[in-house]
Amino acid sequence: MARIVSLAQGVAELVHDGDTVAMEGFTHLIPFAAGHEVIRQGRRDLTLVRMTPDVIYDQLIGAGCARKLVFSWGGNPGVGSLHRFRDAVGNGWPVPLEIEEHSHAGMANRYVAGASGLPFAVLRGYVGTDLVSATANIRPITCPFTGEVLTAVPALRPDVAIVHAQRADRAGNVQIWGITGVQKEAVLSSARSLVTVEEIVDELPPQPGAIVLPSWTVTLVALAPGGSHPSYSHGFSVRDNDYYVAWDAISRDRDAFRRWLDAEVFDRSEPATAESDTTTSEVSA
Amino acid sequence: MARIVSLAQGVAELVHDGDTVAMEGFTHLIPFAAGHEVIRQGRRDLTLVRMTPDVIYDQLIGAGCARKLVFSWGGNPGVGSLHRFRDAVGNGWPVPLEIEEHSHAGMANRYVAGASGLPFAVLRGYVGTDLVSATANIRPITCPFTGEVLTAVPALRPDVAIVHAQRADRAGNVQIWGITGVQKEAVLSSARSLVTVEEIVDELPPQPGAIVLPSWTVTLVALAPGGSHPSYSHGFSVRDNDYYVAWDAISRDRDAFRRWLDAEVFDRSEPATAESDTTTSEVSA
Amino acid sequence: MTVTASFTSDEMMTVAASRAMRDGVACFVGIGIPSTAANLARRTHAPGLVLVYESGTLGAKPAALPLSIGDGQLADTADAVVSVPEVFNYWLQPGRVDIGFLGAAQIDRYANINTTVIGDDYQHPKIRLPGAGGAPEIAANCPEVIVVVRQSRRTFVDRVDFVTSVGHGTGSGDRARLGLRGAGPTMVITDLGILTPDPDTCVLTLSSVHPGVTVDQARDATGWDLAVAGDLATTLPPTDEELAVLRELEATKGQVL
Amino acid sequence: MTVTASFTSDEMMTVAASRAMRDGVACFVGIGIPSTAANLARRTHAPGLVLVYESGTLGAKPAALPLSIGDGQLADTADAVVSVPEVFNYWLQPGRVDIGFLGAAQIDRYANINTTVIGDDYQHPKIRLPGAGGAPEIAANCPEVIVVVRQSRRTFVDRVDFVTSVGHGTGSGDRARLGLRGAGPTMVITDLGILTPDPDTCVLTLSSVHPGVTVDQARDATGWDLAVAGDLATTLPPTDEELAVLRELEATKGQVL
């Protein structure tokens, strides 16, 4: 059964230096608040896994938390490049970043294999592309019935998955709706999981389009209202597109980025701690 | 885009002698009305595919529609054996029945492979069981990364899938909720599909727990209120458990079965035809 | 704990099975005694027991005893309803469901299970049974498997006619050789007693007899030379509460509450 | 059809791309010009066009031009929202999505696409690009692929530095050899004209120039010796309606309506 903790406690308990961490959320429900808490707690040598390491991983990479990135699309959606990511890959700043590059279909299937307790997944992909030579773990596999050759990719098994959701109940059951992305697979493929939520309620109301992660598949739940900003939480907030645009200028310049890091991350004590306690007690009162 | 037709038209247009037909519905939403229409139209030499060929396939097999059965559990749930199935396998009555036997996990994954456009699926199953020798298409497959040996089963690609759902809209989008079973995979793995529904509405209302099969993935939709009886349609009817119990006596005896067939299937002109037209026009009026 | 009421051997079997359910774990339940036992456990000592039905209902809390693994109330009361491929791939296969509950038409000394055919010839069996269903992968992948079956020479055979679900295969170490990740059957609960695999040989051994049952009765109902554990126990009879709740539960069978 | 308004080359490119969308088909659209073109088509000649975004929104009908493939309005207006693994496995991979819409940082004579790195050394690239995303499997599995990209020598190169997504590989027959089931790029729409693969060689050939564009301009913007189709056409300019709807659409970009 999932335990309900503060975001600071959750990150401290589940994320350790050197861990493989998957923070998922496909445009929607990106766990930014948790990412900032990982930066605040000074985690190092993380292997960061994510299909679209957009602004959230640009921030973690720029802060020097990551040793390796496993991904399939590394851009600032609708804006351009990830400059901290480029600086780390190209210049090793602030620390060198190893990359392992896949396609979306490959990454999604690697999570599916992990969630399914299988060592690999099979797909129609990669064939004829230079990804096969650039990335070590893409291999051919032959159908034992037709002889057709397809592609195999290994399961993803992160140490920790971190996702943001709209709601949890007091038992720790998690409800997600709107674009659900690959979050279920990320949680089920990982050894541990932290779910930040917009609100904690006594009972999850029925919600069209919602999936539920049962409490017994989640390790920790932390209240983090607005925790997906500048991404959004369907039904609670809208995407802050200006933030993504503004990020381009901030991230282009190391000093501007450092200033952002101090002002927006380090100088802010993790707010969800107090908030979660009060809010929780309020709601439970 | 799916066309809306009568059940009789739908079966006549999509189900041909010799076809491989998958009628799915896992306890819930079993397409009995469509099955009876297939019997009425006198289809022969069908390869019937279904995870749980319970009473619906016992009826089709007893009526002599089937040449082969592909399945994973052939019983009358909570009651006992399928006597028409046994009679066909054991005594070739009314016609011999070839069987291909799998496990639930194997059948479910065979549908998934079919829906995914893959020639096979991989699972942790069958190893050490006598199913491997009894069934031809269960083969070992080796993980190209770990060397671990797992099991492969070939994709299912039926000619036609038949499922029952609660609702469709006039465009042919289909809404299913409650226990959704393997219906999506059955429809997506098949070349053609017929969906019978409890009601046809102008617009699908949001429904917690519902999945939607977009119109462009469905061939034909037919109105068949009560079309899942004695199974049930969540939100419309409850399971007729007495029918399943009564089926045991009816199906034990060939003559009792013949009498049932005449009275309950052949002597009943397919009601959905008229009904669908009127109801459709009523609703659209 | 006071014991006054009389009870049937089936009631004893169901109660013994329900006691095997630890609170807070997840169990994969089929219809019949497993479902009755799991629901009894949830109403007595294991309120936090998570019931998983192969219909894809995770954490179902049926008010009435379901007649099928796909009753509507299972969906209505579940924490989550998932597709059938998902329940097998994301939930059963990785070993997320701690305990698998199985029945058997035949079971042998190594707790291998047959639910497919009686007779040596698969093509021309003496009796055609329903078949595998979810059992082979439950037996393969659940961390622990508990078998509930009435004990008789017809059912408890030296060697099953057909291995539908692997118990301990050919004996000690065979599951590991086959790459099966679960521990396999740890307990076979019958109307006469409880059998557990011998730690060295994996052969099913009588470790407990139910009240009023003799070792000879158990031996006579077994198709191999049944060994008896040195510390043979006598199963605690159903408590008044267990019996009351069980009978209440049985009375709700198939009802739509 | 009257043509009076003046228009930009990007508008011409977007309109030409929208015209390539047949009514009633399903297309897999990324953000940028593909999304704009597909939404323009849905508002003009192809009201039945089914928009599939890789976020899992099937049949999205955005009122405003989305800024990301995961805008909330895509989920709100979709016929169905499915998981990301499902959209790739059940929908894209089997070829259910008729047309795949791709952009490119580099594209070569065989319409192979690079969105990964500029420079010969993958480990130490001149420019690190975002990478593959959904493109490789869109290019492999969609029955038809349409590429929309501005034409210049920097982009239209003889050989891409990195094959992120396979067009026609090394030429005629190569897709079949690779086991790719879709037809590959059938049309490359640029700000100067439209290129199509030569039926025999699969080399991209200039088949249409946009109004006011010369063949020499197109040749100068191409990194290989660009062949010109015998029946070279001139693209019909945007109609007043197309322009009006397009500009209306552009004005809604990122709005939450």
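Each chain gets a letter, A, B, C and D, in the order it is written, and its residues are counted from 1.
Convention: a contact is a pair of C-beta atoms (placed from the backbone, for glycine too) under 8 Å apart; a residue touches a chain by one contact, two chains touch by 3 or more.
The shown structure was predicted, so the numbers you read here are calculated from the model rather than taken from an experiment.
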Original post:
Along touching chains only, what is the step distance from chain C to chain D?
Top reply: 2
**OP:** Determine, using the mean of C-alpha atoms as each chain's centre, which chain is farthest from chain D.
**Re:** C
**OP:** Report the inter-chain centroid distance for chain B and chain C in whole angstrom, where each centroid is the mean of the CA atoms.
**Re:** 29
Original post:
Where the centres are mean C-alpha positions, what is the separation of chain B from chain D, in Å?
Top reply: 40
Original post:
Which parts of chain C, given as residue numbers and ranges, touch two or more other chains?
Top reply: 89, 93, 141
Original post:
Going by the touch rule set out above, which residues of chain A reach two or more other chains?
Top reply: 117-118, 123-124, 148, 184-185, 209
Original post:
Which of line, ring, star, complete and other names the graph you get from chains that touch?
Top reply: other
Original post:
Among the chains present, which pairs are found to touch?
Top reply: A-B, A-C, A-D, B-C, B-D
**OP:** Can you check the complex and tell me which residues of chain B touch chain C?
**Re:** 26-28, 51-52, 71-75, 77-78, 81-82, 85-86, 89-90, 101-105, 108-109, 111-112, 123-131, 134, 148-149, 178-182, 184-185, 209, 232, 234, 238-239, 241
Original post:
Inside the complex, what are the residues of chain B that reach chain D?
Top reply: 1, 115-118, 173, 184-185, 188, 211-217
**OP:** Quick one: which bits of chain D touch chain B in the complex? Just the residue numbers, please.
**Re:** 24, 26, 48, 50, 58-59, 79-80, 89-90, 93-96, 141
Original post:
Across the complex, what residues on chain A touch chain B?
Top reply: 117-120, 122-124, 137, 139-141, 143-146, 148, 150, 152, 154, 206-210
Subject >> Residues of chain D defined as touching chain A within the complex >> reply: 31-32, 54-57, 67-72, 74-75, 81, 83-85, 88-89, 92-93, 116, 122, 124-125, 128-137, 140-141, 162-166, 169, 174, 178-181, 254, 256
